[in-house]
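Before I ask anything, let me first share the structure, which is written out below as structure tokens.
The letters A, B, C and D name the chains in turn, as written, and every chain counts its residues from 1.
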Amino acid sequence: MEVALTSVDIAGAWVSIFLTLCILSFLYADNPIYKLAEHLFIGVSIGISLTETWYGVFRPNLVDKLLAGNLLSIVPLAMCLMLGMKVVGIFAPAAGKKLGWLARIPIAFVVAAYAGVKLTGEANANLMTQVAQSMPDLHTLWIEHGLWDWSADGAGVISGIFLVVGLSACLLHFYFSSPHGPAMRVVSRFGVLVLMLSFGASFGYTVMGRISLAIGRAQELLGLDRSAAQAAQVHPRIASVLSLVVVVLILVIWRLRERRPQAGA
Amino acid sequence: MLRLLQRFQALDRRWVFLGMAISILVPLLYPVSFSFKVDERVRSLYDAVEELPAGSTVLVSADFDPASRPELEPFFRANLDHLFRKDVKVVVLSLWEYAPPLVVPILDEIATRDHKEYGKDYVFLGYKPGKELAIKAIGENIPKTFPTDSRGTPIGQIPIMQGFKQARDFPLLINVSAGFPGTREYVLQIQGQYDLRIASACTAVSAPDYIPFYKAGQLVGLSGGMPGSAQYEKLVYPEGPPAGVRLLGMQAINVLNLGHLYIIGLIVLGNLAFFLTRRVET
Amino acid sequence: MIALLFLALSAQAATPPTGLTVQAPPHDDGLDLDLAWTAAPGSAGTLVLRSETGPDGPWLVSAGPLPPSTTTSSDRVSSDPRTHPPAEVYWYRLVSLDADTPDFQAEVGATEAAQAQAQAAYAQALVQAGAAGPAVEGHPAASWFNTSLGHLSLLSLILAVGGLMLWFTDRARKGAPTFIRRIPGIDAIEEGIGRATEMGKPVLYVPGIDELQDIQTIASMLILGQVSKTVAEYQTELIVSCCIPMVREVADEVVRAGFYQAGYPDAYNPRNTRFISSEQFAFTAGTNGIMLREKPATNIYLGRFFAESLILAETGYVNRSIQIAGTAEATQLPFFVAACDYTLIGEELFAVSAYLSRDPRLVSSLKASDYVKVFIVVCLFVGTLAATLGSDLLVRLFTISGG
Amino acid sequence: MKRTIPLIITLLVGLFMIGEFFIPHYRYRIWTAEFLEWGLILAAAAFVLGLVNLVQVNLPKVLRREEDWGYKLVMLLSLVLTLIAGFLGGDARSEAGHLYHWIYDFVFVPLNATMFALLAFYIASAAFRAFRARNLEAALLLTAAILVMVARVPAGENLPVIGDILPRIMNWIMDVPNTAARRAIFIGAALGAVATGLRVILGLERSHLGAD
């Protein structure tokens, strides 16, 4: 059932482990081996994004349509060319000065189109819906949970009122156009406290996800993410130890070389 | 003593990092097993799958990437296995550019294990750009949004896709969601409009965002982060994993314990030092 | 295969569902028809057939098999109205399925035309077996304006913000005093630029990592316009680190204009408005690199951020930069709050450009959203009271149905 | 002309796109969908400009052997190599056996995941540094954080008080104050978005349209 891994795959697994340790070395300090991994990462990621953009958007939505004789696609093509006028200046400064402003047309188009569509989108999803959901029926809450229902995580009239009052206080905290009088200061302070409670809770809640990420990396370094049969072919732990030795060695050499000119200066 | 406390407060980050590394590596190398409870939201998700009749077809939107893989892959694996073993057919698609290379091997591996046939029991429609717009399109018309599957077969020729035109044709939509676009967009864009049954497995960080959706009945189940994955694994494999299967979620849960305790300890000690030095200083 | 189907069907013709009605939904784009019917007893499922040519077919399976308990369905008559504009009339028939009515199985490898033909034959076979109810007409209706309550109230809300904005702007133009309360986070932006100037180090501006489609990114571009003006006046270096190529192009235009308006058009160096990588963490690594190697004295993060927020802010902290962040992305606010010197929360981000511009007209436009905000708070209380007393009028006022 | 044309386009396109929400007619939405597709195409085209910018920033450093030129060279080379691998691979580039696939799996994925994983370490150092009870706000922040963390420790669920009461308090915080705060942020931000969108469309803010 288990397929034998090719040597290319095994080499890949080793490269992957080495690069993982290169990035982790950043936790110690910015260093040459991290820099190498960083630049490799940026180069590769742009290459991938460009390739995928070509196959995923540019070719199907523009090139294929133009080739199929869709005349309407000339408009986005023209806008792309106008956008391209921005770089003309690099090669021909005089022409760039004359034509560079043309790029503002597609920019105006894109910004306006998205501003328009998002204006209603945001207002719908984040304003209307949220307001509609924040008008609790306290009578029903009272019947179902009473003032405070421990078995339902504190649901009840108190929480219903807290929600409305807390939400209002937070909203009013963002009131810009008048100085905050004593009453407003109390409201605003309460709003800030609710915000802080929420931020603290969110922070605590997130810790788990972040540790999970490191677990994923550790599982790969220790070979725990592979079946035993695969691990026997790849030897991830040997790769990890060897990579660690290489990374540490480079760090030591780098440190020594950094220190020397300083000592001389 | 005072100087020690002051120095502790300004402890070099790298010592903090080292402590974190130890609390991750040690429990992975020396695992201890223990029991944990299953959250009601995860159980609802499990039940939603459990209630599906054999032969029905679900839509899975696998919207995660390599970075969120540790949290969501265990769920995705257990969920697929669960669906396949219940003889439920699975249509997978993705709105995340970087998902397909992760999704395809997992899908094929688990399908092979459960003796499922591509095109008949499961299909991968591939990646669709466009974020919310793609979600709207899935709500409206799947064959138009995905004219072919990821292997280039026209959708009309894929047996499993017959009769499935829109998201609402599926009795359940499972969204494995690592962020944007994901569960929030599914709920806001098409859940209400088409009255869909959506279950979500999300990262721990977006879970608080989605709990209100669950409470409002817009989600039929919700699994948050690695514990959610581990709990789901526990429900699917009550007697331990089948031979050759590693339960990545359960394996990791010990690390979460120690990692949390470590950070809590740091904060508590930091504050203790802060108050002791402040009292002496004033 | 079709012959086999006939055999199976003629033996098992179930009573079709009755009382089919076909109606265009209200405020529709003209491509949907809503179907409703009464379930047939003993049916194992329902199949919806559609014809665009006439009440006699040919028929297409438009939905199903639906579970027997389902008595409504909505059909989208055209998936691409540009190539297939909707017809005036459509005809529908419902088919009851028996437990052993064969499903329609497409032949793998058949062409699309052959598929459609096979499907039509399958539908025809069902009709002939007597499992289908009578044909019912439906007329799609496209609406030119959505007059549902939620849409109208959203429109009035937008008009209110716009109207108040223009009104306050006009009053400001005529010299009415404008007041805006101090927002320390925004003041810190100018202080930060000043500090960078004193130290002779650059200012780093990160406009989030989302596309231009996000209005936070657009807001960030507007703020960048003000920031670049100030930076140019101080004659300091400004590095803009962009994740999205289109955002870089807009940022380039914005900063160029800022330097031009400040009177130093030649001081602008387009090499400092950089496209790093459109991949989230590659971008993060590259921006970290800028922080560690070009040592900006002030880092400004304004826009939509995701998980990279903490990596950026922690690296900036190690670099001892002053850090000012602002986002409406609620999940990332805790990290900015923990690791940055100042954090602008949600709405404050959208106020920055008006605040920094000191243009009384823009500043007074903030008043418009304040008024609407107070109105919303009043609605929340009145709505809660009304809901408690059993009226959901306000809830409906804020509920948008359909799309 | 350099300012008027973009401003007119902004106003017309912006208003047209606001209309998308209120005008459901399919003849109208054909056009709004078309416009959004043009936006996607432009975003893709901007990639080419991004590439020009990248080369413009980095190539001179390599040619002049400025500081870190070697790294910049690595970056440009890896970019070119990935592009070549992507285009040579064509539509089959992501299948096993292609160089592009190998680069993706064994270079891109680990680098990406490890960069993300740094957060596990940073969240510890940020918590240690920032969570000091200096005032009421900070105290509340850190109390909520600790409380939620303790309640989330999977091992704690079997303990008497921690496993029972704390998760409920946590759920209450998440359900009530957290929901209130988040909704306030959403509503406020949506209001800000409406105002910002209108300012842009009405031409009150135009810094993205250049100055001359």
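Criterion: contacts are C-beta pairs under 8 Å (C-beta built on N, C-alpha and C of every residue); 3 or more make two chains touch, one makes a residue touch a chain.
In this text, all values refer to a predicted model and were calculated from it rather than measured experimentally.
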Furthest chain, CA centroid comparison against chain B: C
Maximum inter-chain contact count - chain pair: A-D
Between chain D and chain B, distance of the C-alpha-averaged centres to the nearest whole Å: 20
Separation of chain A from chain C, taking each centre as the mean of its C-alpha atoms, in whole Å: 17
CA centroid of chain B to CA centroid of chain C, Å: 23
Two or more partner chains touched - positions in chain A: 26-27, 35, 38, 41-42, 44-46, 48-49, 52, 57, 83, 86, 104, 107, 110-111, 114-115, 118-125, 127, 129, 131, 133-134, 167, 171, 174, 195, 199-203, 205-208, 210-211, 213-214, 216-217
Sites on chain B at which at least two other chains make contact: 13, 17, 20, 24, 67-70, 129, 205, 208-209, 212, 227, 256, 259-260, 263
Touching two or more other chains - residues of chain D: 18, 21-22, 36, 39-40, 42-43, 46-51, 54, 56, 68, 91, 104-105, 108-109, 111-113, 115-116, 118-123, 125, 127, 129, 131, 141-142, 145-146, 149, 152, 174-175, 178-179, 181-182, 184-189, 191, 193-194, 196-198, 200, 208-210, 212
Touching residues on chain B, where the partner in the complex is chain A: 14, 17, 20, 24-25, 28-29, 67-71, 97, 127, 129, 132, 188, 203-205, 207-208, 212, 216, 225-227, 244, 246, 248, 251-252, 255-256, 259-260, 263
Interfacial residue positions of chain D with respect to chain B in the complex: 36, 40, 91, 94, 101, 104-105, 108-109, 112-113, 115-116, 120-121, 123-125, 127-129, 131-133, 142, 145-146, 149-150, 152-155, 157-158, 163, 174-175, 178-179, 182
Complex contacts: residues of chain C adjacent to chain B: 61-65, 76, 79-80, 103-110, 112, 115-116, 213, 280-281, 306-307, 318, 330-331, 401-403
Chain C contact footprint on chain A (complex, rising order): 26, 30, 35, 38, 41-42, 44-46, 48-49, 83, 86, 103-104, 107, 110-111, 114-115, 118-120, 122-124, 127-129, 131-132, 134-139, 160, 164, 167-168, 171-172, 174-180, 195, 199-200, 202-203, 206
Chain C - residues contacting chain A, complex: 150, 153-154, 157-158, 178-181, 183, 212-215, 218, 221, 246, 249-250, 252-253, 276-279, 281-282, 285-286, 288-289, 292-293, 330-331, 333-335, 337-338, 345-348, 351, 364, 366-367, 370, 373-374, 376-377, 379-381, 383-384, 386-390, 394-395, 398-400
